[in-house]
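Chains here go by letter, A, B, C and D, matching the order in which they are written, and residues are numbered from 1 within each.
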């Protein structure tokens, strides 16, 4: 299919979204804007926030004050207040469904959240030069989810006008960056009848014109938030009276990184953010570690997590502190199915916009699309994670990240062609 | 001498100061208010900020932005703008001098700064109940320096009207809580002709009516601010590319506390505030330790500091990070001279307001009055640190600390009597 | 070819060798016994110790006293004194060569050393039950090298009587367990004309009747011996006077295990043997770590080794100690060439004694045969590492390890057939 | 009194003992030799080993094999087999009693054990030059206990011939170096009627001719022997299968030294001897720490010990190992009573052999004479620890330690005079 006619609309949408980056579970404007775009299309059902998230399955939801601040901010943009009202409490995201009679049930998953990242003001940074830089200072679409959202809408628009037979659900998932939203979508039930699942990501160091038909090697991940509580004391006057939470934390850090490697495959540990204490002359009463563990498989992640929890608890006990450990985000590993890779590779090969098709590549990071993939695969469906190359001047998660908007059309077309082919195959 | 007639004035002054706590090097209102009080007295010379601080000897001065914010805040209180103008850049503090012909040169040192501490709003907390709670939210006179300042002014007022012969310098020192101001006063030259130095502190767990004639056992202290710089990397994708500043910091913390004890006397180490990293999935690029070392003597402190610096540097190197170490505050150890203790003990014993005189007690903490004491003692003078008991409901540096204002009169009288006696002894 | 007629001879040889296990560089009896066996065969050249080891390339050679003790022990067994005289100083091992006119140059490598391991006396342990248990208490052929040596001799015997055309070198390599001999053989020049290299190992958890045609996944390894030197001091009287080598060692251990994982593949670290200090009341003056690093590739091993050295040096410096680091053994990674795997798989498939042929399997450990493989492969030859299954009651390196002697015949026949086929292929 | 006539006998005795150093609980020859010397004197009772040690109160007794080896060694010296038979199982030591009618009960305690220390062979080392170097290679009287034993015998000989009235018990205590014998003597009951207790030590950096009338500042001490048990695993093949006892030990070492200092006084920690693991490629299964904690008071020692045990247990748990902690030696703190110091100072002042009398000095180390002192003091008696200076070329516990034999006479005379004076005072 040809998305050329939609180019201006896609670019406009993406830039609007780029201007309004919202972090995990605070995608109020974004959700309302998606709904607005959908209302002009021939989609059969639009479900939002509370309808699409499994009860109690959201992870890493911020506190009420933080949520309210972003909801207020969204109200000031002029989006539909009725929609916003339904999203309160961080129930963001959309599922849009097209139903066209008998045929396969296909789902496309795109993620919609931004990042806590300052955006470059350099004139060489296109969003700055052309006036669509982030209006939410300190936040940025630095991983291309603005583009993903536009692609999702673009695919719906093409498919709505195509001879597609069957059901297409486009899932606009919140909170991917916190690895917090995937599980809630997976547990919502919306995937339980899905036979084919496609997820998509722009960039990943592939240039415009390159398509990766199947991305694999997702590391299973779990985020841990450990809090140490001890007793303060005057460091000069009564050092023996303290229970030093910083000593506990430091002991834990040293031993977390030293968790034994595993012969079954790669594991990872990181104490990404730590802190503790109040002032130089007080024995520190509190400390924390915001960290993560990963594994090439869910089992390897679980092995590392079990060890990590033991390290944290024993380090606390050693220094007569207490430790509480909260899991704030999680995602399993995942692999793209051959059936999906075949179809995407074929669609990409046949595209004039695509120069190079890589059959499979490895991510080496984590993504909570794997929750959705696992759900579909566990019930007999197939799933694939597609990479759409885009020239990006800065790396992902940096101040100068940007996408080549030409890649939006590539993404829309390759995915729409793949979905259409799934429908055709089913007829034959 | 009898300070009864000044009770209302002393209490009023102390409450005004209590209402306006200002942290180290930001005592703009406080300095101006002291000058205002002095102007109504028979003092011969008033020197402020730039005139009383040794060039380049201030430690722990905050950045310009922070200083300006507090200067602006002070302007809004209505104190003398001309005075404030002279204090810009954090040149706070006052020396007030009474000269009464031939006689000994005596100095009294009081400290004037507040603390970054939230003040209690409980109705049982007298400043809250009687309307003189801190107006600078998050800051508090939680160590009695408001009382010390009032005592300094009270002593000047009594001595000015007494038969005192000689010279009395009252030093209103800034930045004691940061251990940052003592050195600057000591190196200013203003102490070089002082034969007798008295310093005073309220409370210290002694009740109203108890006086400690000589406090000893000050631990020499040095505050260190270490910054570790490494390289960030994606914790899942490229852990080997990082230079982990949090690992360096944790290694340093573990080994700082493990610096060998010393057979010559007590030492202390504390990593009082630490932190590092940004987010769970990035190898931490930066980290810091705000810590301190202490020793029963200056040599013991220096031993521990030398070891601490080695630990920090090697921990950084081990993890291919760099470390910078800044000394942000320092004070030597100190002992009260017997000659001073004798006079204070006598004066206290003869006071009707005093129930109990303790000849000597040990602090076990640090104080930069020791810089002033050392300066005077090194040049052949004598020095003493006097404790004036006061019933204090909460501990020092807590939200419910308060002083019993009756103790202000005790402090004023015991110190004024001591100073007068020094003068008398010199005549005989 | 059929080795049935040699069964008794092979079993007898293996049991004699099993009775006399000698550790790395002390294989005096073993070398002399191999020479004795070779002298009754039609081999064209026998080169021993000093002739087959690259100058200065041996790693992990024990001290003179230790070497002499084992040489004396060997003399008491009655083996040829003339041979022993040539081996003095730990120059052990043999290369036996058969030259049969024009044809390919093939090498077979077997290793000959035993382990410092107590051998079981249990009646269920066949060597104990049948009287060929180790006579060198505390040492044992616990990894099957007695069988490897017998296989090498068996192959020579079969090939000597076969229509083989070309050159066959059988390398009886010393000091594999120390990863100390492979480099010396590789650098001797004896492999520089070798076109085909075969190495062989019994067991590896494969049962009798199973053959692995190509073993891969050798981890590159480097052994490090770190010594920390500090200053002793009385722990009660003058703790500050010590430079604590045990603190340095413990700091290093904690940080060695915490060396960052690498995204390019598996790495390993182990502080396998550590120690330090003398008595509870002396600050420890000395300490050591005998450890190792590994990597899925030589580069990954080198990355880990570089980090390990930095950790050790910085830990020493932190505690004002000195560290010396010696590399006591090393081996690169390695892969079996497809050409070799093909031939071995075919030979094994055609054998009546073989039930199951596995084309490739992964070792997950290290072996210094990789030095020889690398040498041959670097010069355009091909190399393969063959696994001959054997039922072994205890695991490798345990007191109850033993081999099923039936597997000796399998090894001899499969390797001889492979070598003969190489010769035949060259003719055609 | 004058010991000049006994000079040759004292020196001969001391040299015989020097030639036969025996470590803690293995003083078989030494005990028998003391008994032999006593038999020629007018002592009224000789009690040995089993009669003088509190049941079950010995600490740090070696295993049976070790004890038997030393008993056999003693038998070969030709000492009385009947005595040796009674000492079996490490029941060494002697109490010799002189009873001379009514009068005070006085005890003198000397210690008799040697050290595991190689003795110098240098010609400048007098024992080597004059032929009385240790015959037990690797063991040495490197702390002067040979001299102490001779002094004990010399005092008995003088007192036996003096007008002394009362009871004198001379306690020849075993196992001081292990801090293992003092408790057993204290709990034997033999001290329960003692009114005056004297203990003595040569050297301590005081020269010949100097006497310290009262030594104080003994640190209370407790020796801990921690064993960590984990699980071994192949470091390359299955690192995750190990429970690493060396990691547990290293974590413990790091945190032991970091136990908070105490504001009540000095504390000490030392991990004096540590080790673990077997070979570089096996995850270490076992590890140990032989360490100690001390405190200026018994309470401070107990504080540190409690923390140390917590550190060890948590470090084991962190690495899924088990830890067992054995207390292998212990001694309380102690102070010399003024009454004893007075008498010793007087006796020393009146001696022609003494040039300098120091009233009190501080040890800064530990000694289990404090168990005996505490026992006597708790029951109303007084106790003192006397230092007899001696020129010693090497430091205590070093290979070149030696005593100036002139100091033996000083020790004998000063102690005998003190004891006689106690008796005289009681009469008057």
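Assume a contact is a pair of C-beta atoms (placed from the backbone, for glycine too) under 8 Å apart; a residue touches a chain by one contact, two chains touch by 3 or more.
Quick caveat, the model's predicted, so the values are computed rather than measured.
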| item | value |
| --- | --- |
| Farthest chain relative to subunit B (centres taken as mean CA coordinates) | C |
| Chain pair showing more contacts of the two, B-C and C-D | C-D |
| Centroid distance [mean C-alpha coordinates] between subunit C and subunit A, Å | 49 |
| Centre-of-Cα separation between subunit C and subunit B, whole angstrom | 69 |
| Mean-CA-position distance for subunit D and subunit C (Å) | 51 |
| Overlap residues in subunit D, where contacts from two or more other chains coincide | 237-239, 244, 247, 251, 254-255, 257-258, 260-261, 263, 268, 283, 364 |
| Complex interface listing, subunit D residues touching subunit B | 254-255, 257-258, 260-261, 263, 266-269, 364 |
| Complex contacts: residues of subunit A adjacent to subunit B | 116, 219, 221, 223, 234-239, 244, 246-247, 249-251, 253-254, 257, 268, 270-284, 287, 290-292, 294, 363-366, 397 |
| Residue numbers on subunit B that touch subunit C, as the complex places them | 237-240, 242, 244, 247, 251, 254-255, 258, 260-264, 283, 303, 310-311, 314-315, 317-320 |
